[in-house]
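In the two complexes that follow, chain A is the common piece, with chain B as its partner first and chain C second.
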Partner chain A sequence: MEYFIAQIVNGLAQGSIYALMAIGYSVVVGVVGLVTFTHGEVIMLGAYASYYAFTFVGENIFLGIIAAFFASWFIGIFVYKICYERFFDSPRHISLICTIGMSMLLKNLAQIVFGPNMKAMPQPIALNFVNVLGVRINTIQILIIFVVLSLSLGLYIVNNKTQWGIRLRAVSQDKQASALMGINVRRTAMIGNSIGCSLGGVAGMLIAIYYQSILPTMGGSLGLKAFSSAVLGGLTEASASALGGLLIGLIENLGTSVLSNSYRDVFAFIFLVLVLIIKPEGFSKKVGG
Partner chain B sequence: MLEVHDLSVKYGYINALNGIDLNVQEGEIITLIGGNGAGKTTTLMAISNLVAKDGGHVFFKGMDITELPAHKIVQMGISHVPEGRKIFPLLTVKENLIAGTFGSKKKSAADLENKIAEVCTLFPRLKERIRQAGGTLSGGEQQMLAIARGLMMEPDIIMLDEPSLGLAPIIIEEIFRLILRIKDSGKTVLLIEQNAAMALQVADRGYVLERGNITIEGTGKELLTDERVRKAYLGI
Partner chain C sequence: MRTDEMRNDIPKTSFWRRQMSGVRDFGKGIFDKIKAIYEKRKLQINLIIILLLLVFPYLARSNYIMGIACRMLMYSVLAGSLNVINGYSGQFNIGHAGFFLIGAYTEAIFATQFGISFWPLLAVSGAFAAIVGFLISLPTLRLRGIYLAIVTLGFSEILRVIALNWSSVTGGAMGIKSIPSPTFFGMTISNSSNYYYIFLFIAILFLAVTGRVLKSRVGRAWISIREDEAAARSLGVETRFYKSINFMYGAFWAGVAGAAFAPYYRFIASDMFTLDEGFNILSMVIIGGQGTLVGPLVGSIIVNLITEVFRFAARYRMVVYATLIIVMMWWRPQGLVGAYDSVFAIKKSQRKPVRMASAKEAGEE
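Here is the complex of A and B:
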């Protein structure tokens, strides 16, 4: 029983990282109106940004968050300029294919620049165990949950309580109508894309801290998990995507406690296939176009 | 105030507009009437630069706005209420109205509330539904919201693309009364309508568009009594 509860705690902690990736993914898909295949690499690069900040500046968690956030913000701008902005008036699949190419490019560049091997991720906070209501939970897990909740809350406030949020949501819903409101659609989509990428980048840092390691090819399965989680939210609904991430985290950890750890990624993708079979439009409350 | 010179638009090989000229003076209601596929919507889209022009120029307040990006054109004071309303379905009525102000200088919170209250006096129904999602409004309510949203930026000219489409006769009358009130408040209106009889009654001048060409133009009264217009568009 204790083992079971521990796996649930692990699942929730890991799931909240996936949730953050998925929220970022849904923001990106919302504003650019297309699925992206670069999200995993953005996550990876965010993780590396914090790795280098920890290594060369100091092992401070806030520093890591800032490094990951802004590095992915600028990578978001780069991806946007290359894969989206130039192809606004072209058929949509061109941008899509461009994100696939971009993903390969970034992954391989990362192997050249950062080295192809796994590195140990510095740990900005000490690992301790605490008892919360009789459940054993460690400080890293608390950190993860705290960071994810803060960023999600931040996004919620921007989205729902500010005029910027109205701009972002308007552009997600109807680009032409947004232009007719006087909104600079390209600039707004670029910033929205960067917000989504930044959330992914910070999630990348968290997963590297969680696994205590970092690898240039880590983005592949993470990007797919972000995608799988977001599918639950009909790809663009942040809250349902977050739920998808949590579920995948839970399923993975409960699944590995029954079967072998090497099946970890299998569960996420079984989940994706099941969602697509049972409810292909996702569980978002979105109505109309 | 708004001048269109020799405007042409092609969709692939189809000529949607073949060099049309029209002008709108300050304080006028101008109507553009014509059958399905005549090119009315295309004219407004070309003015707003949402479709590429094949030729011609658009001037607003003496400035050439032909190549300006769409959002800049809106920011100059041209509000375009598009065909099919284009309400943001997941934004509330209030958020839709706030979105309508993005084309003008940023308002203080108090000014924003005042402006919302002001357009709500024109459309009391919207006030009752201020927290409802735009996508859940009825068709008529969405049309009212679209017009209200178009007024939020306090435009110099408002271009309405078939505001009466799909509405009950009573609501249509309401909308036309409102168009007169918009004019009385000092704004200029460019109105596209299939409902030629009503449009010509409220309009100062009108243009008839047929297959991408302006074939007849004149004052509202002249067009109402024009034999060709009566036959083709008024069914008399």
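Here is the complex of A and C:
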């Protein structure tokens, strides 16, 4: 019993990282209106940015978050300029293939620049165990949940209380109408894409800290998980996507405690297929992509 | 009247913009002429090409060159079968390596554990891949392409994970060793110059069958789904049925190619079928041209040549493919041999004028 409670806690911690990735994914798809395959690679590059910040500057968690956030912000701009900006009026599959090419490019460049081997991620906070209501939680899990909650809250505030948020929501609802209202659609879409990428980058840092290791090829399965979670929100609804991320985290950890750990990535796929069979449109009125 | 239209055509854009449109419109005339000549003397040209390919091993006289030729032929079947899915029915499969894996492992397992001969296993592996393809296409038939893309991507990766971990059947990380070479009337086919004929046979069979299928009722249904799914359905095309048939057809040939691949290398392991392998096949289709029969062939030849030429810089191989994909999408999304007015071209206004005219008549434009 205690073992299962521990697995549930692990699942929630890991699931909240997936939730952050999925929120980022749904922001990208919602605002840009085109589906991306580069999210996993953006996540990986965010993790590497924080790795180098930890190694060369200092092991401070805020530094890591800032490094990951802004590195992925600029990668988001880069991806936007190459994969989306030209292709708003073109057939959809062109930008889709372009993001696939971009994901290949980033992954293989990362393998060349950072080296193909797994590296140990520095731990910015000490690993201690805390007893909360009779459940043992470690400090890294608390950190993860805290960071994810505060970033989600930040996104909520930006989305609902600021000018930027109004523009972002307008663009995600109707590009033509918001252009007629005097919104610079391309610029707003670029900012939205960068916000989504930044959330993914911070999530990448968190997952690297959680696994205590970092690898240039880790983006593939993480991108798949981000997508699978976002499917629950119809690819555009951030809150339902976050729920999907939590569910995938739970299923994964409970599943690996039954089955072997090497089948970890299979569960996200099973979740994806189940959602597509049972509720393919997700919990969203507007289906994006 | 005519002069007014022409004056509008005068480009007001920069030098580079004009160069790019030159790249985009390349082949406006040349390919049409080649096509016309080919259509006129179809049988003779086909026979000459096949004869040349048949005597090619005697001209090359080198196992190294024949090895490259084998790979080109195998990848042209793989890329061609992916093209049937992506290029002709507008579905989007990016995990083609998964079906390749199924074919290869089916052949290897049946050949090593049960000693079944190579030739029936070609069909069995293909059929097995087709069944799996059918199952994969089921949950996404009602959805748009992107869901199928992700499902195939995940599926390809999951299959690799299973092949890596299910040691009792697939040999795990060690892979399957000493897969028996096929025999043909008592003659063992082992080296590249002989194996070349197997790949050639499969490639010609694939091209011939696919060419026939595409001209048939089924192929026309696929193309109509690609052009406009709603319109196809309203004209009575059972889109879900034809989409899953299409997916099974593509998976079948990938399985056949996999079954031919396993005894050629005599050893398979799960790391031969990574996502990068799938992207590799995809890049051949995109570089060559989606929705054309020769496109994947050209793409396979180009990509394999790049692989050979840049063998000293193998690390940068995938970077080159990735850059090529992006460059193609920017300037020539219809691929090298794709027609300038293909559905895959960048601007909708460059599509076939017939469609534009009919749209105007309907008062939509």
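Quick note on the criterion: the second predicted complex is superposed on the first by the 284 of 289 C-alpha atoms of A that agree within 3 Å, B and C clash if a C-alpha of one lies under 4 Å from a C-alpha of the other, contacts with A are read in each partner's own complex, and residues count from 1 in each chain.
As a working rule, a residue touches a chain if its C-beta (ideal position, glycine included) is under 8 Å from a C-beta of that chain, and two chains touch if they have at least 3 such contacts.
Small disclaimer: the values here were computed from a predicted structure and weren't measured.
Asks: Look at where chain B and chain C land on chain A after superposing the complexes, then choose clash or fit.
Replies: fit
Asks: Name the contact category of A:Asp265: first (chain B only), second (chain C only), both, or neither.
Replies: second
Asks: Touch test for A:Gly101: chain B only (first), chain C only (second), both, or neither?
Replies: second
Asks: According to the stated criteria, A:Val113 is in contact with first (chain B), second (chain C), both, or neither; which is it?
Replies: In the superposition, A:Val113 contacts neither chain B nor chain C.
Asks: Quick one: chain B or chain C, who's touching more of chain A?
Replies: C
Asks: Regarding the shared-chain residue A:Leu133, is it in contact with chain B (first), chain C (second), both, or neither?
Replies: A:Leu133 sits against neither chain B nor chain C.
Asks: Check whether A:Met1 is in contact with chain B, with chain C, with both or with neither, and answer first, second, both or neither.
Replies: Neither chain B nor chain C is touched by A:Met1.
Asks: Compute the least Cα distance separating chain B from chain C in the superposition and give it as a whole number of Å.
Replies: Minimum C-alpha separation, chain B to chain C: 5 Å.
Asks: Output the chain A positions appearing in both contact lists, the one against chain B and the one against chain C.
Replies: 289
Asks: Where on chain C does chain A make contact in their complex?
Replies: 90, 92, 94, 138-140, 142-147, 149-151, 153-155, 157-158, 161-162, 164-165, 275-276, 279, 282-283, 286, 315-316, 318-319, 321-326, 329-330, 333, 343-344, 346-348
Asks: Can you list the chain A residues touching chain C in their complex?
Replies: Residues 35, 37, 82-83, 86-87, 89-98, 100-102, 104-105, 107-109, 111-112, 220-221, 224, 227-228, 231, 260, 262-263, 265-266, 268-269, 272-273, 276-277, 280, 289 of chain A touch chain C in their complex.
Asks: Enumerate the contact residues on chain A facing chain B in the complex.
Replies: 163, 166-167, 169-170, 173-174, 176-185, 286-289
Asks: Quick check on the complex: what are the chain B residues that touch chain A?
Replies: Listed in rising order, the residues are 48, 50, 69-71, 74-75, 79-80, 82, 86-91, 95, 98-100, 102-104, 106, 133, 135-136, 149, 153.
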